[in-house]
Each structure stands twice: as structure tokens, then as C-alpha cells.
Amino acid sequence: MNRKAVYPGTFDPVTCGHLDIIERAAKIYDRVFVSVAHSAEKTPLFSVKERVLMIREATSHLKNVEVEDFEGLVIDYARKKKTRVIIRGLRMISDFEYEFQMALTNRKLADDIETIFMMTRENYAYLSSKLIKEAAVLGADVTGFVPDIVAKRLNKKLSKLQK
Amino acid sequence: MNRKAVYPGTFDPVTCGHLDIIERAAKIYDRVFVSVAHSAEKTPLFSVKERVLMIREATSHLKNVEVEDFEGLVIDYARKKKTRVIIRGLRMISDFEYEFQMALTNRKLADDIETIFMMTRENYAYLSSKLIKEAAVLGADVTGFVPDIVAKRLNKKLSKLQK
Amino acid sequence: MNRKAVYPGTFDPVTCGHLDIIERAAKIYDRVFVSVAHSAEKTPLFSVKERVLMIREATSHLKNVEVEDFEGLVIDYARKKKTRVIIRGLRMISDFEYEFQMALTNRKLADDIETIFMMTRENYAYLSSKLIKEAAVLGADVTGFVPDIVAKRLNKKLSKLQK
Amino acid sequence: MNRKAVYPGTFDPVTCGHLDIIERAAKIYDRVFVSVAHSAEKTPLFSVKERVLMIREATSHLKNVEVEDFEGLVIDYARKKKTRVIIRGLRMISDFEYEFQMALTNRKLADDIETIFMMTRENYAYLSSKLIKEAAVLGADVTGFVPDIVAKRLNKKLSKLQK
Amino acid sequence: MNRKAVYPGTFDPVTCGHLDIIERAAKIYDRVFVSVAHSAEKTPLFSVKERVLMIREATSHLKNVEVEDFEGLVIDYARKKKTRVIIRGLRMISDFEYEFQMALTNRKLADDIETIFMMTRENYAYLSSKLIKEAAVLGADVTGFVPDIVAKRLNKKLSKLQK
Amino acid sequence: MNRKAVYPGTFDPVTCGHLDIIERAAKIYDRVFVSVAHSAEKTPLFSVKERVLMIREATSHLKNVEVEDFEGLVIDYARKKKTRVIIRGLRMISDFEYEFQMALTNRKLADDIETIFMMTRENYAYLSSKLIKEAAVLGADVTGFVPDIVAKRLNKKLSKLQK
């Protein structure tokens, strides 16, 4: 039975909060697909390829985690991976309603697939990729907010942008 | 006394949730003006003319509903239509504070006009024009989320955009 | 058409916020029934009779407002009064979900009756009967929070209780 | 791996919303324990024994669901059942923070056990055992809000109480 | 100027979250009065005297913190202590609206006194005295949730109650 | 001890709500720095220089308030001004989580600096710079929402833009 789950997102970039969800999911599912969405309204800071690579490196200690990108609807992707479970992290109430809308829309489109919500560690509950990028642009040291590989690449990317 | 009400919005496009509010309003007011706002920050997907036409078609069974576009402040428009009631739909908490801010701003600008809030059917509470457009772009079948006329035009519009 | 509306509540006691809603409702409906619910989980501070009398005195300037008590379901009461509209005041988000639950439950029980929500003046948005009673017990002067008749009776009631 | 999950609650009484969560959980777990908590602050309407029996009857079509009562901490119970997953339903934001507090407290007490959240069908999102009991007391027909067995027993219980 | 602040509460019992606020306040005010309210709707678990003593012991390392009990309105107490600042901790949104109501009510009663809000450390954001007591009653080890003195007295108190 | 505080923001433009916070802060701190952030994602309506000038004029009656612009992280700026307190206004719940995220991120970056939250007068709680600009663009008279100097400049700015 349902031993596989999909954890989709934009991950631009992956944070310690995302990583915490991945680790928790890896403990309760046999296989977890971390699935990086192509489609983002605005231009992402990191390319899909970069985002996949950073998550791969940050999750290299988790044997049952696979990272890849996907296009189109997440429910179609989940079906392709033969999984019935989509995982989403819940941090704050501001997430909550958007996640609800998404999950109910997905359920209407595909009633055989279930969205389950997991909670980040409370230390990471306030992290958001957006805020981290803003702080980094203003010169903040974001070590501890993101995996080391991300902090390194973020600095490199920003020093290039600022030249 | 107040037998007329204005139901303003961007309606880009009208959803089954909007339609549900229109039907409920039409039962408790003698005349309901569905008023499509020109002004939208970003470029809308459908032109004002298209949005008006789609609502007209979707509400053709409601004899006391009139659809038109308007420019400027909704309170000025409401006064022009000689109505004292503005109707707004409430779905989720994320609507709530924005709606409150709008309604209190409008009340300060025009104390003789009252905003009343009505609730969508719970099946439609999670619908948002934005999410529906995003899902349609990714290939979702949005029948059941929007009136048929909208689903048809949305498909046509998107297949044009993707060429 | 729907020229009458019911505004139900416990009103233990009526506050300036309630009164503001009654005044606004009286402007957009031909007749407003302020309906004091018997049933309250806990022992109310004021008897139903006292609560009706205080609202009557505080609304004596509003010719189209009638105050009475009711027992049982509000939808049954609304039907008896031949009205299709139930009015509820919305102040804060904490109200919001309870009101939603109530309204959706009522809609399921009686689909012909519509709940509409109106907003209190922002100066009264933070008022609650419960908080006012607590403050009064601790010795606060609650003039300005409640109609004068209520302030007077609240003081009398509390000085009796404290003897 | 984690093929079992615990779905704890007071279930006084079980609603169609609870039942919907149980059915969804039964599809993504090999075995689901519906666990009725003894401890409730106030006097429950139904005894633990009655609550267990009603859920058993309402879930008799689900072969991988077991219903029983438990005392003490839910994490100790989950360990006894050799499961690492606690399921909780999320309906509205008012649930959200309480559930978060509970889940974080449980995580601190037992880091090997994970709480996952599932969403009720949107038609049931507004249901609460408390509201249903209140409505039933006032004479409402609660068929459609609760499983048939519960509606029947609720009526019997209330007609006894009112004698 | 305002070198003193009052931090009022019921503190039944004081948690690590409260203690965190006290420590933060002690860094930005010359003197902090931790003020234990007598009045509580329900019977508290610990007497006012016990609550004061536990906070005193838990804050003995903070030289500019004084702990005492008070009766009546907090604004009257603040004036008696010649301070213009009331401190309140904010954890979650569920606190937020109640705190807002309280603060606005207090501002109306005493416009010269200002309520300021401080944030608990995120690790403590989910702690509540109520939840801790419930968990302790069910047998949980609450070390790490409350200061040691509280954990010890809570165990003693509960073992007495259960005899 | 902490007699100085920083009140940072974009202030595009300053509203009566911001001004209310500044006046309250000026009563409980010896010196208040109102600090206008350069960095804003989108193009602001008013230049930093204009925003500083308007706040200076609107606060000219407050002798202990200084207005200036700043670049970079607010915690670095606060340290440069040798203050340990950052003030933020709280209006509605929609502010709340964003402010929490910001404050927790700042605390992680600089644990010696504390963010405190103050409440706007309830009459101003619904004001937002964004909504005021939108209303002004549509022709609303925003006197009473913003200080007079801002209303004047807003009209001038908009009449230029519309030519």
C-alpha cells in the first residue's frame, strides 16, 4: 500500500524548513519524491536545474529520497509516479488557506490522490524562501536558514548579480 | 426601500462561486447590478467586454440581474445606480481582512452606503479566479469550477496563447 | 420583497457595537426584528426580560425596529416572522469562523433563508459583552462601551452581586 | 514501514466529517485505529462505550478500521499500537492553532511519532460535534450532519433528557 | 522616562515561554513588575501565593524583576506602580485578537498607558499553561516546558489530587 | 537604558496610522528614529527623499522624533543608531504573520535587538498605504486617511501622472 509520496514545491531555494519536512517524510514513507516545479509565475532566482541539484546535495544522506523536476499539474505527476499521497508542509496560517484551496482543487481534479500536511520544526516555522532571498540581498548571513550548499550558491549568485 | 444592490468585482473570469452569490442576491433584492471593474493592477486575461458577456450569458436565467462595467470608485458607481447596498462574497479568512479594509474605506468615503457580506456555498468556497487560471494553464479541466461558457472561452483563449 | 430582517443574539448585555449594527440594518430594511435568544449555555448575567427591555430602550429612536425574545432554532423563528434574511455582525476574525459554521448549518437546515453579515463601526470592533462584563466586575467604568441604560443597570446588578 | 495510523478524538458524537477522514485514511494506510479518548474536560453527552459503538457501526464497511477507547497520552497509546503516525483532521483555521500546539507538544514528548493532517470534504468542513448537539437540542433535524446511527441515538438521548 | 513596565498575567503556572518574555523585558526596561492576577474565572490549579513564589524562584537571577500579585484592573495597578507600559507576549494568532480587544479596552479606559507586545522564542510559541496542565494530568513529563520549580510542584500537586 | 527606538518602514506614503504609532512611541521613548527604507521591491510612488520630507513635516510637533532614510538590514541600522528596540505597528492579522517572520528572522540575525509591537488607534486599523493610493488613483478624497501634507502631494503627484 501507499509507500510512496510526492513532496512538490518551487524550492527557490530549498530551506532548512523544507529539509526538515523531507526528513520527516522519509521516516514515514518508503520512498519520497521531492518534485521541483518548473512553472513559477515570476522569474525564479535559481534555475530548475540548480534547484534540483541543491536539494540532491542537501538530501544525499537520505537513501529513500529522489529529487527531480516536473511540469504540468502535480496530480498528473503524482499519478505518473504511481503514488496517491502529496505532502505539503504547514508553517503558519498564511500558508493554510492557500494550501487548502490547492488541495481542494486537486481533490476535485483527482479524487484518488490525497494531500497530507506535515509540520515543520517550530524553529523553522518562520522561514520562507522569499524572506531569505530578501535578507541575503540586503547583506544578511543566511547560514542556519538554508542548507550549506544553498548558502554558498546564494552568495555566489548575489555577488554576481550585484556586479 | 433598498431594493437594489450592486455586486462589484473584477470577475476575471466569473466562477461558480461568484454565480452562487449572484443567485442568492437575486433572491433577496429586487434588482442586482453585477458590476465589472475596469481597473485592475495587472493585465487581466479577459477584456472587460468579454467578462461582461460571460456573466450575462451565465446569468441569463435571472431576470432581475443586470451586468455592466464601471470605472472609478465603487461608491460613486453605487450612488449613480441609486442603491445603498454593496454586496461582497466571503469565502475564507484571507478574503476577510482585505474586504474589511475595503468596506471601512468605502464607509469613510460614503457613510450612506452599506457593504453586506454573503457566503458562497461551501462547495465553492475554495474557488478563486487566480487558481482556476493557473490550473487551466497547466492543463486542468476546469469544468465545474466555472460556468460552461467560461470553460469554453478559457480553453480557446489558452490554446491561442500557447501557440 | 425581502423588506424584513431578523438580527438574533444573546445580547447579555447589548453593546454599542450591537446598537451600531441595529441602526445600520434599520436603514437598509423596512423592518428589523432584534431577537433575543433564550438559550444560552451558561447562566446569563441579565434575564431575557431584562435584555429585551434594555434593547427596547436603547432603540426607542428607531421606529422600524422591534425587540422580542425567541426560543428554538433561529431559522424557525425567521420563518415565523416571514423574513428570509438573518443579519449577523462581523467584528474580528475570531467571530468569522463560528459565524460561518452557524450560517452554513442554518443554510443546510433552511436553504430559503440567507444570512448576511454587516460590519460594526471600527471604534466598536473590539467590544464584546464578555469583556465588558469582566471589566465592569473589576471596577471599570463602561460608559461608552454600552448604551447608558445598560451601564446603569450593569452597575446596579454588580453592586447587588458584590454585597 | 508505517502501514498503521491512529486517528484519536473525543467523537462526542462522530460526525460525517470525522467519517470522511476515516474513509480517506483507510485508503492510504493498511490499518487505521480510531481511538476514542476517555478524558474530556466536561461531561460528554455520550459515554465512551456509546461513542465507540456508534463509530463501529458507522465504519463497519471499512475492513481495515478498528475502533477502541484509550486513556492517557495519545503518544503512549500510539506507541502501544506500534504506529508512528497520528492523523488529525483539519477543517478551519480555528482548528489550526490548537492542532499545532497539540502536535508540537506531542512531538516534544515523542519525536519518533509524526502527526499528519488530512482535510475533510469541503461539504463537511463546517461541521462540529458541539454545534450539532446544540442544534439538535433546539430541535434541528441533524440527518446528513452525522451518520444515521448517530442521528437516531441523538434523538433518543435528547428526548430522554428533555423528559 | 518610561523605565518601568508591568507584565501582568494569570501564570497558572508560569511556563518557559513566560520566562522568556520576562528575560527579554528585563533587558529593555530598568524595572519589570511581573504581576499575578487574582481574578480568574475558574478555580486556578495553583493559589496566587504559589504562583508568585514559583515566578520569584524562576526569576531570581534577574535583579530588576519584581513579582507580586494584584487585584482589580491592570490599568489601575500600572498607575499605582507609576509605569506607562504594559507588556504582553504574543505567540499565535489565537492570542492576537483577544490581546487586541484587551489592549483597546484598556486604552479606552486609560489613554496614558500603552500596551506593547513582545514575541516569545519560537521554541516556546506553542506552549500554553492550559495544555501543559492537561498533559501533566495525563502523565506527561513536562520538564522543558516549565521552569524546574514548576515541574516539581506540578508533580507534587497532581499526585496529591490523584490520591 | 533603552531610551531610543527605531521605527522602520517604507512609508509610501505615511498614513494617519503610522503617525499614530509615531506619537505613541514618542511618549514612551526618549528618542524615536523614523527610518525610511530605500529598498522596496517595486517602484515606490514617492522617492525616499519625498517620503522623508513628508514624515518630517507631519511630525514637526514631536521634538524627540528624527526622520531619516536607511539602506541595508534594519538590524545593522539599529546597531548604528545604538538602539536595541525596533518598533512595528500591528493592525490586522494579515500583518501579524509577516511581522512575526520578519521579527524572528531579525532575532536570529541579531539576538541583542528586540522587536516590540504597538497597536494603531482602532480608527486607523484599516488604513494601508496601498489601498489609499488605489483609492486616490480612482478619484477618492483621502483627507483624513493621511496627514494633510501627504494628501496635497498625493493629489499633485497623481494629477501629473494622469496628464
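Think of it as A, B, C, D, E and F in the order they're written, each chain with its own count starting at 1.
What we mean here is this: a contact is a pair of C-beta atoms (placed from the backbone, for glycine too) under 8 Å apart; a residue touches a chain by one contact, two chains touch by 3 or more.
Keep in mind that what you see is a predicted model, and the values were worked out from it rather than measured.
Counting only chains that touch, the fewest steps needed to get from subunit B to subunit E is 2. The chains in contact with subunit A and with subunit D alike are B, E. Summary of the copy comparison: rotating subunit D onto subunit E for the best CA superposition needs 120 degrees, to the nearest 5. Residues touching across the subunit B-subunit D interface largely coincide between the two copies, over half of the numbers being common to both.
Of the two interfaces, A-E and B-F, the higher number of touching C-beta pairs belongs to B-F.
Remark: subunit C and subunit E have CA centroids separated by 34 Å (rounded to whole angstrom).
The distance from the centre of subunit D to the centre of subunit F, each centre being the mean of the chain's C-alpha atoms, comes to 47 Å. Counting partners per residue, subunit A has 93, 97, 100, 104, 122, 126 as the residues that reach two or more other chains. A complete list of chain pairs in contact reads A-B, A-D, A-E, A-F, B-C, B-D, B-F, C-D, C-E, C-F, D-E, E-F. Subunit B makes touch with subunit A in their complex at residues 92-94, 126-128, 131-132, 135, 137-141, 144-145. Across the interface of their complex, subunit D is touched by residues 93, 122-123, 125-126 of subunit B. Against subunit F, the residues of subunit B that register as touching in their complex are 39, 72-73, 76, 93, 97-98, 100-102, 104-105, 108-109.
Within the complex formed with subunit A, the residues of subunit D that make contact are 1-3, 24, 27-30, 84-85, 90, 93, 96-97, 100, 103-104, 107, 114-119, 122.
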